[in-house]
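Just so it is clear, A, B, C and D label the chains in written order, and each chain counts residues from 1 on its own.
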Amino acid sequence: MEKYLDILNVAIYGSAVLLMLIGLYGALTKKSLIKIVLGLSILDSGVHLLMIAIGYLKDGTAPIFSAGNEEKMSVMVDPIPQALVLTAIVIGFGVTAVAISLVIRLYRHHNTLRIDEIKKLKW
Amino acid sequence: MKIAIILISLGILGFYLMDIFFGIGFGVQHFSNGVKDLYLSNSKDILKVSNVVTSIVVNFRGFDTLGEVTVLFLASTALGGILYKKRHHVGERSVLFPASRIVMSGAKLLFPSIVLLGAYVFIHGHLSPGGGFQGGTIIATGFLLMLLTYRNYSVSHNRLVYFESLAGILFISIGLVGYFSKGSFLENVLPVGNMNDLFSGGVIGIIYIAVGFKVAAELTGIIYTVLHEKD
Amino acid sequence: MIYVILTLVLLLLMVASAIYAIWQKDLLYAVIASGILSLFLSIVFVILQAPDVALTEAAIGVALTTIIFIIAIRNTVRYEDEHDKKKKVKTTTK
Amino acid sequence: MVGSPVLFVAIPLLAAFIIPLTGMIWKNSVRIIPGLVLAFMFALSISLMGYVSEHGTIVEVIAGWKPPIGINLVFSPFTGFLTMLMTFLGFMVWLYSYKFKRNVDFEPSMKYFILLMLLVTGSVGIVLTGDIFNMFVFIEIVSISGYGLTSFYTRRDSAEAAFKFLFMGAIASTFLLIAIMIIYSQLGTLNIADIAEKMPLMDNKLKVLSLVFFILAIGVEAEIFPLNGWAPDVYTQAPGPIGAAFAGIVVKAAIYASVRLVYTMYDFGGAFDLFIIIGLITFIVAETTALRQDRLKRMLAYSSIGQMGLVMIAFGIGTKEGVYAALFLMFNHAIIKSLLFFSGSYLVFNKKNKYIKHVNGMGKYLPITSVLFTIGSFAIIGLPPFSGFWSKLAVLTAAADSKMVILIAVILIISILEAVYYLRVVNRIYFFDKKEKTETQKPSINALIAMICLGIIVLVIGFYPDLISGYLDRAATDLMDKGNYIKEVLTINK
């Protein structure tokens, strides 16, 4: 079982970091405004996976007491990162909604989504 | 050139992140005397709430939830300020494809059960997975289905504002009741009951219901505002 | 064992759909790919014993975020870089 | 005790949820209620400050759980001083913008006051909270209301400035989450006092890396040099009073957050040197850029960034005198920069690009506003009879006490540059002739009151700096005493 845990260690953290890097890459290099916002939301997903993975415990159960398992406290996964991610997901959605509305307004003003044509202020 | 700089800095960032988190390790207990066990035991013994995530979100760290609800409120407020004009009137919305009769009947059939599911999820937030945010979002997706299917389906904006404001006021007034009677904001003022009962956890259930209504109203409002933009 | 393989497959699919979402020029496909990413992510959350988060991610990440992006695409342009396609799309969607 | 710190957050949020309802019945209530709330917050902070100076720090717990478990709010002489400053400025911004003229219909303008109120609330929350994740939530509240306020004008560039701000803010918030998770994974707690106590347990490498992520995240709001690309555009495109709100309130809160991290949470001394280096780079780059600007608000924005660099330097000196100087500088900068933004927006009112040349000859048309702008300019340069002189003197004294001679030289040289570009504007106001015939806008009476209040404060502090030094001294002592903070928070008996 230890061997699998090592594989999962690399796989989960690695893919979370990869997701973040892909999102950042898209947000930094792409020209389309919608692509940029999409990149930011992928970046968010990566961070959320990272946070949940930190709270995981080997052979753990979900942090919910049900009728039979009041005593199984020591094998429960950490509930705090889950609560934090819950907050972070909702906040991320709020930011995405604001970003999308800004994109729609920029399109209305400039009639394009390409950032190199919108650039009037210095970036 | 610019891409090269970005790739290099992303590489550095990725290297350090992987370094940090591979070192931290996966699936092991990271710390010895953290607050995790305190949360678990307090949730079981004092609050009598089965779902520990709910007791953290609503009670132990309830202030975060207040801020989070405010973030959604702010997002819908800011959205109204950003998309300031060229709003469609009710019923004049353009749809990509007119929905077929099957979709229309299906949506009509599904809508009540989606709302019921959402209500179930936030009423039982302290017993099973789910809660105000999840239930509120599910209800919002129900409204989204109706808005997408029926061209002239509309949600009364004033009614959304009523729900939103009243739910928010309920949340804060429960907090203030705790402050004035027990001396601490959001403190539990009701009997906690027995574990795994519907009426357990004192004010947690009531707060989560308020959060559910508020989230549902706000998300529906956000979708409604964006959907009614003229292109 | 089976969970390990399932997790690995899901993680691989997530990264693949993220790359597809960034690489694809058609914004509609890209947005759908990011919705699929959220779907896989919520399954991974269930495997990692976080049902609350999985529910939230499924409702917000899969449904609401995707639909908001799609509304934005409907109000703007569908393709990332092609200017000549812009007018054509506008006339077809109207 | 009169009132409690939790009301700083609860009452504005309650008001924010009530306003949409009352707005349906009585339209003007959406303007008046935020003002009342801001005034209430200011009064509350004064009353609590009186209590704190007699009985010591107030630690308020939320939901009845003691600090390592629950979230707590700390109202100490230091945080209380900043809260007082921020709520006062928030009220001034409200007063100034009560009748701010704009050319769009009324419906969005009711959102303006809600967003302004929550901007102030979020900043106060950042200062008061004793929990890093709660700080993240408040930072997001501040950011989102900032995005809304920036894109508030319907001009085309304002949406772009807001998008730029949002882009950097979104990336910063993910970095902040990563830093929080690194700390949580090592210490298992989110409370600042608890983290500070357990910090020696943490691995040294992780300590440095998490601090770097924190600084990268908070640096966006604090306008540290490579991360402040959004600031000039936002200051230019946002409504005039919002520039003042950013410079006076949001940036102060962000600086507070980084100072709290370095002084209380982390325990290694290298962080102070980091502060000095970041501060010096920011100071030099921003002030030299400000010299080259031809638009008034951009110039003010770069000057504001530069002043923040100076504040960072003063905090980086690391002695009690340094903290005292930094706090004095923060106070003065908040008051003076708000005055400059307030009067500056009327000097270039309704001009397309707000070039500096538009102020030519305004001394005749808008005498009071011009005098106030001149007072502000002289004060921020640090000319003797005004308040800015004392703070700059305090910085130089603190640097001299720590034998940092190069620092003194740099600050003096850069101050001359600062004098050049401010005096250039003042010169144009009084000694140039107005070329084209454009209409000028007389300030409305409430704006005038707000500006004169700030001007009087600048003059009074200039003549009697002792009025405020008691507060500053107590605040500096409070910040330097890390053990006391931990003890106050963790041993609360509730």
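Basically, contacts are C-beta pairs under 8 Å (C-beta built on N, C-alpha and C of every residue); 3 or more make two chains touch, one makes a residue touch a chain.
Bear in mind the structure is a predicted one, so any value in this text is a computation, not a measurement.
Peer 1: So which chains count as neighbours of both subunit A and subunit D?
Peer 2: B
Peer 1: So what's the Cα centroid distance for subunit A and subunit B, whole Å?
Peer 2: Inter-chain centre distance comes to 16 Å.
Peer 1: Using Cα averages as centroids, what's the distance between subunit C and subunit D in whole Å?
Peer 2: 38
Peer 1: Taking the mean of the CA coordinates per chain, how far is subunit B from subunit D in Å?
Peer 2: So the centroids are 31 Å from each other.
Peer 1: Indicate the whole-number Å distance between the mean C-alpha point of subunit A and the mean C-alpha point of subunit C.
Peer 2: Result: the chain centres lie 12 Å from each other.
Peer 1: When you check subunit C against every other chain, which residues touch at least two of them?
Peer 2: 51-52, 56, 60, 64, 68, 71-72, 75-76
Peer 1: At least two partner chains per residue is the criterion; list those residues in subunit A.
Peer 2: Subunit A, residues with two or more chain partners: 8, 12, 18, 20, 24-25, 50, 53-54, 56, 60, 62-64, 80, 82, 86-87, 90-91, 93-95, 97-98, 100, 102-105.
Peer 1: If you look at subunit B, which of its residues touch at least two other chains?
Peer 2: As it turns out, subunit B has residues touching two or more other chains at 17, 24, 30, 35-36, 39, 51, 53, 61, 64, 68, 71, 74-75, 78, 82, 129, 133, 222, 226, 229.
Peer 1: Pairs of chains that touch, anyone?
Peer 2: A-B, A-C, A-D, B-C, B-D
Peer 1: Looking at the complex, which residues from subunit A come into contact with subunit D?
Peer 2: Per the touch definition, subunit A meets subunit D at residues 20, 24, 27, 33, 36, 40, 43-44, 47, 50-51, 54, 80-81, 84, 87-88, 91, 94-95, 98-99, 102-103, 105-106, 109-110, 118, 120-123.
Peer 1: Across the complex, what residues on subunit A touch subunit C?
Peer 2: Spelled out, the residues of subunit A in touch with subunit C are 4, 7-8, 11-12, 15, 18-19, 22-23, 25-26, 30-32, 34-35, 37-39, 41-42, 45, 48-49, 52-53, 55-56, 60-64, 77, 82, 85-86, 89-90, 93, 96-97, 100, 103-104, 107, 112-114.
Peer 1: If you look only at subunit C, which of its residues touch subunit B in the complex?
Peer 2: These residues of subunit C touch subunit B: 51-52, 54-56, 59-60, 63-64, 67-68, 71-72, 74-76, 93-94.
Peer 1: Name, in rising order, each residue of subunit B that touches subunit D in their complex.
Peer 2: Residues in contact with subunit D: 16-17, 20, 23-24, 30-36, 38-39, 42, 59-64, 66-68, 70-71, 73-75, 77-78, 80-82, 84-85, 158, 161-162, 164-166, 168-169, 172-173, 175-176, 178-179, 182-188.
Peer 1: Hey, which residues of subunit A end up touching subunit B in the complex?
Peer 2: Touch residues, subunit A against subunit B: 5, 8-10, 12-14, 16-18, 20-21, 24-25, 28-29, 50, 53-54, 56-58, 60, 62-67, 70, 73, 76, 78-80, 82-83, 86-87, 90-91, 93-95, 97-98, 100-102, 104-105, 108.
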